[in-house]
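What follows is a pair of complexes built around subunit A, which joins subunit B in one and subunit C in the other.
Up next, the complex of A and B:
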């Protein structure tokens, strides 16, 4: 079997499993899975920049929030239909990523982390500053009546799951294809040795900017999807902790792997959900598990799988 | 027990599960809630999901909301429970986070299969959770004091019958401030939604009393020093109105004292700033002689009602509003009565609706919506209340206390009518 065939089989199998899980899981867990898929989109977006391009951003919450607010405000204030509002959210995130990337990519390493962090903090404060429209830290609700698309009520459990699955599938397959494309391989080359990539004639600056925009765009898809499917838009999602989450998810699942983000979100979600039922110190439990994973599986779950068993994993 | 809908869903899922041979999922404990729910009997406990701020910025409130909840449930169970069934509290930590809050609501509805959810304080958690409560058709009784319920932002499944909202609180303060402290007010507030509510509602209310807000000083969140903001206070200010929250409040008070020295304008604040903080803490000496809004007076008054005395004893709080087992452990007394009163409203609503199970949730909400007068009693130890079924919001009296010799002494009690305003929504017009 060729690498492309193996990759296609793997990705389609994941999607088939997600379809099947809807029918076998009880409501609580299928609801969780819908949320996990949305957050996995966010992690996949982050993975483009961090896992494949080697740029560690601490400001991705601003892209998630841009998608969320772009969508939410378009619906609540602009009265736009859902598809148009969704596109607006995506456009906001991509535009913000372009501006941020244009400026932040002049730096690298720790400086890049700090600059993206500062941009994200500014974005958070902008949300609070325009509290008249955004309702600041409280946020606002997107009413159930506004969450209909072509006659389908997205507040129902089934429709929510299907919508989350469709969005996840679109991003998952698109990114899987991009990773195997010439552009994707160039990003990996930049991650491995930027000087060498530049010496070979690649415009690494342009590639990194494109990666940043793509990464921000996908994060914005996740933000808009969260608002659309769960009915809430709030500044909490623009805080620094929501910039740290995708980093953790990707590290856990395996940076630079296409399935890693989904596994990382899944693992982290249920780690907190399960440990919180045992103790109020569940974040301590989560922290210890993360430390252990970092010690014994430094490349994340799928990274270790690729290292030990499936060297072909995309 | 009328729980057919959820039961049917669980069986369908399980049938599919067997058909697809996914026993491994069962082995991981994926279905415990569904199995237990199918066996529910009329003598089974009424399960109330308590969305607790056990961690995060609301943890101090969460701990005391928990203590009050446990005391209220003990009293209810000692009196025979609800409709002859004991009450069981199911606690989940929401981390004072709206995303986790929504997840907790889903866990209550679909895994624990509680009858109602209750207890949330922070507005962003309420607003993040309420859409899911509405979609899951889970009655959601919040103890938040936010205006989000009465504003019409939420849905028919979200109610606030145990504590007044910020609009009502702020509005009822204006007559006392204008008539006793002064008409030119400078407001210092945190630059986020909670502060903006105070800014907007109080500005309108003080103008209605013939006063004016001469300066509005918004302090960004995460600010740690406030001295540079104080020169913005106009010299002709009669009253400084402050509503700072968070750990920096001690610094705020200390620096305000250093700025004004012995000659200061009148100072009025919301006790939210100092909930769970001893008013006699070092650095707070400047608060002597200043005024505070209190939902429920922290310090027992000379004419304390028998209901408040009994309530304090039940929760384990002394006359200074601190834990009887640790005088340094000061409670969130001005707010936590809301948990006690909300649970008693849930009890009354369930008894009126003859609540038997989740199929009666709509009947429960209609029963609560039909409530109006709630007399001062041990069910409502803070004072009499008037519930507005259309807006799902309760109204009650408010207290203004003056710090006198280190004690919060009630100077004025605003009437229920002082805090009432025009309806902004009619939730009863929404379908279930």
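Up next, the complex of A and C:
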């Protein structure tokens, strides 16, 4: 098989497996899987910037939250119909990513991490400050009556799974395509050696800004989808912890691979699900996994696979 | 209370915050300066210092002063030892790569914080101050009868708070003497300037790194022991000092120690004063955003010289 055919087969079989799992799994796990798919969208968005462009951001929670609040507030306060509200959420995230990128990309390395962290912290505090509308830490619920799209009730198990799967597939296939395009390859070139990419005549600054906007946009899709499918919007999703999670997922699954984010979210979700049945200090697991990964497998699951078995892995 | 006395009270509170902040941010700054490592777990070493102070004082019992003095010695030593071994096991393995050490210290943050949650529990617990006298403060004013001194109601501080300020000053001087006047300080500075050349001259750079990482954590723990009789020990208390120390180190110029001291005083005082007069959330929003902007336009910090 050619490289393209191989990667197309891989991506389609992942989606086929997700369809099949819905019919096999009991309701509890298919509910979990819907959540995993939405969070995997978030991780895929993060992966564009971290895995493919090589920029480590510690502030992606603000884009996730921008999508979430952009959607939630325009439904609850603005009374917009669902598709329009969803687009609003996406637009908010992309706009915030553009502004953040414009400013933060003037720095690099450690300074970039700290600047994004500070911006995200500012965004979190802004959410708390406008507590009258956002209801701060407590958050607000999007009524079930508002979560109807073309006569389909998104609160039912089946509809929620299908919606999550559709959104996930759209992002998954689009990103897999972008990665193979000229744009995606240029991003990898920037990750590997920015100076050389610049010397070859690529406008690295513009490419990094575009990667940042795309990454923030996808994170915003995930945030809006989370609010739409699970009906809750809260400031917890804007905390530093939610900036750390996508880093953890992508590192675990394999940075710079297309299916790494999904696998990373899947394993971490069930690891935390399992450990929170044992102790309240479930974040301990996240900490241990993070340290072990950076020490022994900085490439993550899929990265190790690519190194050892499948060199063609996209 | 009138504006004048109110401002004086606010600046006293600010001075206490600033003196603890000086210690924690010096720890962060030394680690960054010598090792080029951004230690995200720094706030957790602070928290660990406060929690250990609680364990030591409740274990010893008796007069609060006995337990407090014991905590003042034991907590920083223990925290320093923990940090030094974390450096040996984790950071050394990563060869101090800047990106990977940040991720690893984030992991360390959760490990320390959650282990404390499992053992110490979610409650905030107080530590009794060794001494605590309320001191009323006078205020001067030009009234109708000329220059007069009076004692406004509510304008007071405690002897313990003054002790915190004095203790921080003593530690700071000791630290300065350590760095500029001793062999250890000389070795530290040599490693900071060029670790490879230092290694070639027979300096055990690995051990210096462990010691510096331990010293940084011990300074954070010392600050926490000083503050814990005013503020209770809690497993989430590390977040605010971490953020503030970051701000201080950035404003002061990454790795520049005199800049760190000036910035800590500036930020601690203004944090104390602003949060008395304005909404604390708004103050934090403005402060965080301004710091991000400083980093965007002057990555070397306000007082820092440009880094090579």
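We adopt the following convention: the second predicted complex is superposed on the first by the 295 of 314 C-alpha atoms of A that agree within 3 Å, B and C clash if a C-alpha of one lies under 4 Å from a C-alpha of the other, contacts with A are read in each partner's own complex, and residues count from 1 in each chain.
Just so we're on the same page, a residue touches a chain if its C-beta (ideal position, glycine included) is under 8 Å from a C-beta of that chain, and two chains touch if they have at least 3 such contacts.
On a predicted model such as this, the values are computed, not experimentally measured, just so you know.
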Next item on the list: Answer with first, second, both or neither: which of subunit B and subunit C does A:23 touch in the superposed model?
Entry: first
Margin query: Tell me the contact category for A:125 with respect to subunit B and subunit C: first, second, both or neither.
Written below: both
Next item on the list: Kindly classify A:73 by the partners it touches after superposition: subunit B alone (first), subunit C alone (second), both, or neither?
Entry: neither
Checklist line | Partner chain(s) touched by A:32 [first = subunit B, second = subunit C, both, neither] | finding: first
Notebook entry, point to check: Once the shared chain is lined up, is A:115 touching subunit B (first), subunit C (second), both, or neither of them?
Noted result: second
Notebook entry, point to check: Regarding the shared-chain residue A:211, is it in contact with subunit B (first), subunit C (second), both, or neither?
Noted result: neither
Note to self: I'd like to know which partner A:280 touches here: subunit B for first, subunit C for second, both or neither.
What the structure shows: both
Checklist line | Contacts of A:237 with subunit B and subunit C, given as first, second, both or neither | finding: first
Next item on the list: Mind sorting out which residues of subunit A both subunit B and subunit C touch, each in its own complex?
Entry: 125, 128-129, 280, 282-283
Next item on the list: Flag every residue of subunit A that touches subunit B in the complex, lowest number first.
Entry: 20, 23-29, 31-32, 35, 125, 128-129, 131-132, 135-142, 144, 155-156, 230-232, 234-237, 273, 276, 280, 282-283
Checklist line | Residue ranges of subunit B touching subunit A (in the complex, touch as defined) | finding: 9-10, 13, 16-17, 20, 22, 25, 30-31, 33-34, 54-55, 92-93, 97-99, 102-103, 106-107, 109-111, 123-124, 127-128, 130-132, 134-135, 146, 148, 153-155, 191-194, 196, 220-221
Next item on the list: Please name which positions on subunit A make contact with subunit C in the complex.
Entry: 56, 58, 103-104, 106-107, 109-111, 113-115, 118-119, 121-122, 125-126, 128-129, 244, 247, 251, 279-284, 286-291, 294-295, 298
Check: Which subunit C residues qualify as touching subunit A in the complex?
Finding: 38, 90, 93-94, 98-100, 102-104, 106-111, 113-115, 117-118, 122, 243, 246, 250, 279, 281-282, 284-285, 288-289, 291-293, 295-297, 299
